[in-house]
């Protein structure tokens, strides 16, 4: 594998991490969605590049799914959703942005340090790529738990899942990647539909606005 | 420290090294086929089958059929076990059940045979009694399916020769008895009784499980033979001993694990109460003997401390509760606690002597305990049946509402009187014999070398004496309040004698009390194979003594002959009576009792149970429970009554059980918050776990 | 070989005959100490006879137990008394019951006496019974501790053996024995319902223990109980005599003369004991019921102390 | 012969698919229920065939000693649950808690669920297994939300989100395993097949394996319901229809556990990797103790037993974590016994709550007076799950505790404490429901005892006599688990 291929792949992966940070940084839903579209785009590019360098054409399907589904349909659907349900436009972060950023940096550091002992035998690409993918995953999870807003939580989950796809495609010659990405797209579709069906406005916890008492397991 | 291992043990090991099928020392017994054992197992199996029959058979037929059948099977069980005991038979069989690669080991030897005898005859009498008693049972369906299996489980515990089978039977015993306790589930308090009982029981089982885990080692040799051969390390063995004491003590009712006993035993139907108090506690004692004496091998002297101390305390504390108790059946249950304490005291002495290498003294102590086991089984069953008859006739268990029953139910009164006299250790009945033997044992204790024992043993003797005296007091009160005086309630006034089966059962037990008391030598002789099995030595044969008197050590040292005492008393009494009748005026007149000039003496002017116990609780009460006596006098010149009220709280219950419950409750409340988090918080839990593990990983590498 | 059995028989009759005499002696002595002439020493016999002859009155709701109890009590006490060596040791039936068994027999008597007290269902019976068992609950352990100490001295609970062992000059005077003697006296006072624990002569119901229990008895029943009480007193005094003054006791198969000496010694012991008792009774006042446990607790402590001392002594 | 076996395996997987497709078209409830039962029964028969004859391992599917246990158990409980659900759903329809509209796809989804689990178990390829487990999860989510009540939807939602995250983590772990394998086995499918993984595990990169195991533990651990990943479990059990609760407790948890076990084997085969034991033991202990305390404050009977499931999953994980032939044997036995017993309990609980018209514990009481049959079922079931003889759970707990105490006493003590605390709570609730004066209303209910009886009978027999065949089989598996 040529140096260039490696650098480009590396670049795209790094780009995704960067965009994840950007997403953590957003405080308005629309801009968050746009950033996520960007994230998905980066993923599409990365996957496409992998398809190219691994000359594994089936990965193009994954790339296409990423491009169409995640970069276009989902953000659009979520836009509609926000309008339809009249969700507050701004995200309510649990912790301040600064803290979230620091946490994110710590996570990236953690993922790299965890990946360090991995021997090069796993493939020159694999180590860095995995480090990035892991950071994307962790950042997504961080986003899910630092945002109160349902939509932003979904977005967090989707970015997490982008990280997974990145890792999967990064893994040279991994079979079933397409199937997995499809399965995941179904999962996400379910979530979005779920939000729509159950008219979840603010956060995952309150399903129905009509019911004021929030039900969590046994009543106290 | 090195201890002279008893001859029996060493021989045992030797045999086993020669690859003996089972490392037992046969004593004078002969290893035969498995004829007797298979017969016993047949009895057990049929008892087990009687359980489903209790469900399957139509209601009327079931209650009519189950108890007689159980009685028959139990009689067969008991008598064949007695035969096995006398012959000192040793039989093993391994069934392909239980833990697959071990199988269910079953083993019959003198020790097992003795306890089987107790179980068999206890079950027999209880079933006889039940034939009559069950006529008043409103819901036989709640009793019948569990009654026979309960007995079967007890028998199986005694026959089991591997840890799994033992615990299986042990826990089955708990479950079935729990079901029997819950038979009258609608009575207030029985739910609590059942709960406490089952929890304590399973605690005991788990503890025993740990003990067996230690004994079996990492490779899981659960059968007793290999456990016996694997020499457990001394300190480890001590841990095992403590665990076993807790495990079996929780079932036998050692203080402070006794709390369930006075709740559960009275809650069950009376024939079951008799079984639980008279027999089941003995099975627990069997467990202790089997593990502590047989499996653990030669003891060190300080092993004997826990049973000795706990036993002595239990003996006294149990009675202190019994003395102030107003519920007849609870009173009996507390006195069971006392007797268990006495037995464990004897076992502790036996261990102490054995560790010192004084086999004969150990044999004496063990004989005393085992004899007390048999005796307590008889008179406690008798007393519980008596209480059951009283309950039948009056529907009352509260002593404060009984009285005068001696007129209404004469037969029960006589039999119950014999029971009380026996349990109060009065010669010439059987209770006295075992206590006498125990005193003899205590008197041989100067032999013991360790100083601590030198001080503890006489103290234990004092406790024993105190217990004996308190027992007499307690049962004078019980009998006097229930049967003597004038009826304190219309129910008591309208009581009627119970039916013939119940009387028959009680009569059998009373006869047993008298026989065991008059001819103790025979009972002691019957135990000789057992002693040889467990200790490797025996006591001198008693049956050959002149006049069948009991001479454990030497005629000069001390001897007792119940027969002669009985004959003398009878002669003296009758001759006196005849003499007086010849001399005296025959005239006899009935007149009102002396009333100090207040003719209208209502039954309420009698001494109540509380007022009878007042001096005793005044003297001893502070020891066990914080009693608060309050006397409310009317104002000078006021005509209102003066009221005396006694409030006594069980210290152990308050300090131990309630507090434990509180702690669990508090922690539960704390943790319960985790049920009510938001999804985001749950996600953060997952996230935290992930990050934690990753960090650990990063650090580890 | 019928001789020993005759001796045994003689002893049984002896205690029966001597008991009222002893009581009479005590009463006489007390009367003298109180500057009264007092009744004749033989008065107790007359009383018993009179009681027996009298018509018996029993309460309406008295049960059979009430009527059987006196004979039972008498029998138990008599057997107990007959088994204590009086003037000779190792009688043929002496091994039928050792000291513990004797204590047990007395306990039997007490057991039935308290039951009889409860049988009528009057408050007096109740008072008597409950106080009696309270006293017994402390007295019996004390007695057993005494038994322990003696048994540890003699390596036996067999009274004859004990007497023999303590009779040896080797024993000499020992602390533990002294303690035991004191304890035994205290217990004896309590068991026999003597002052300061109880007053046999009182007729004020609320203060009595023993008398309250037998309040309902009359006629021959009362006679039996009185006789049993006298026997008990005799038993304790002869016990003390046998154990602590173990002299002049005739061995089995000894010549007649030895038996005669034994008789004399025994009579002397009884007389001395009786007089001492009378003196103490005239000297001390009766104590409150609830001080009795402390009184007997002292006995218990003494007994226990003695036992410990002995254990330690043995151990070293 | 192998062809026959192949067909059997195909049957286990395809019958549910076919049935699902058919069932989507069947509008009538009664017919659907019958088809459902028939299909599950057919699948069970195929699974039974598999015990005798193993098909040769394929690239995507295979059957070996380990997963055949789970497969048979899966199909068996699936069948009994379908029998139970017939009566249960009928009652729900009559009482109007469910309408035919909601039930339109109930049976179809039921079959899909069974298919997902069977596939996950029979999968040779870790990717296929992952997809299958996700499928099973999605279908159960729909089932949990069946009642459309506020609580049901919320429970479903909670389940859905947490499970999705868990699945995502599991996928990441799977990818890592592939990466680790790829270097040694070479690219492509072989690098994802169990047999290859186990065969070459020792030449894998340990660092990658460790990382992978962390993600797999958390990912599949979420579905096992280990504390602190358990949050979805109680609500999903409590709010879904009871047949589904039984399936969840009896099967889905096992499937996730199965996945963990497989990966544990791989880990164990690699000398350089961290020992998975301590992690499993810790999580197991935490789950046991935590669940034990949580039992005390439960108001809802199904949630109560859901927590007891967490407790038992903890025990099983603990046993496997301890490792060694004895503990592994005990773990396998306990897992089997637990799924049989717990599903039996849920059957009786479901009928009980129908009979009492509520799931609130405090509104129940005196069941033994009003419904003796149900009371027997419930009592025996709970006695069994409490580890009381003569039931099978007793034997497994006996082996777990005694073997542990001999090896590591300090680990056994908290375990025993947890068991005891849980014991107290369950007995308390059991007595409250079964005994005492009757409480709550008494409704007519179509009691179907057959499933309960079948399960409890099996548990009873296993507690007294384990056939040597099964024993040797379990022992082989236990040895392979290391």
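A, B, C and D are the chain letters, set down in written order, and residue numbers restart from 1 in every chain.
Assume contacts are C-beta pairs under 8 Å (C-beta built on N, C-alpha and C of every residue); 3 or more make two chains touch, one makes a residue touch a chain.
Owing to the predicted nature of the structure, the values given are computational and were not obtained by experimental measurement.
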| item | value |
| --- | --- |
| Target subunit D, source subunit A, minimum contact steps | 1 |
| Centre-to-centre distance between subunit D and subunit C (centres being mean Cα positions), rounded to whole Å | 78 |
| Whole-Å gap between the CA centroids of subunit A and subunit B | 69 |
| Where subunit B and subunit D are represented by their mean Cα positions, the distance between them in whole Å | 44 |
| For subunit B paired with subunit C, centre-to-centre distance based on mean C-alpha positions, whole Å | 35 |
| Set of subunit D residues in contact with two or more other chains | 157-158, 161, 165, 207, 211, 234, 297 |
| Multi-partner residues of subunit C (each touching 2 or more other chains) | none |
| Contacts with 2+ other chains: residues of subunit B | 675, 677, 679, 683, 686, 690, 694, 697, 701 |
| Those chain pairs that satisfy the touch definition | A-B, A-D, B-C, B-D |
| Subunit A contact footprint on subunit D (complex, rising order) | 125, 127-128, 130-131, 134-135, 138, 150-151, 153-154, 157-158, 160-161, 164-165, 167-168, 171-172, 175-176, 178-180, 182-183, 187-189, 191-192, 205, 207-208, 211, 234-235, 238, 297-300, 303 |
| Sites on subunit A touched by subunit B in the complex | 94, 107, 110-111, 113-114, 116-117, 138, 141-142, 144-145, 148, 153, 203-205, 216-218, 220 |
| Touching residues (chain side subunit B, partner subunit A) in the complex | 675-680, 683-684, 686-687, 690-691, 694-695, 697-698, 701 |
| Complex contact set, residues of subunit A against subunit D | 114-115, 117-119, 121-123, 126, 130, 133-134, 137, 141, 144, 157, 160-161, 163-164, 167-168, 171-176, 179-180, 183-184, 186-187, 190-191, 194, 198, 200, 204-205, 207-208, 211, 215-219 |
| Of subunit C, residues touching subunit B in the complex | 49, 52-65, 71-72, 74-76, 78-79, 82, 93, 95-98, 100-101, 104-105, 107-108, 110-111, 114-115, 118-127, 129-131, 133-134, 136-141, 144-145, 147-148, 151-152, 155-158, 161, 205, 215-216, 219-220, 223-224, 289-290, 293, 300, 304, 307-308, 310-312, 314-315 |
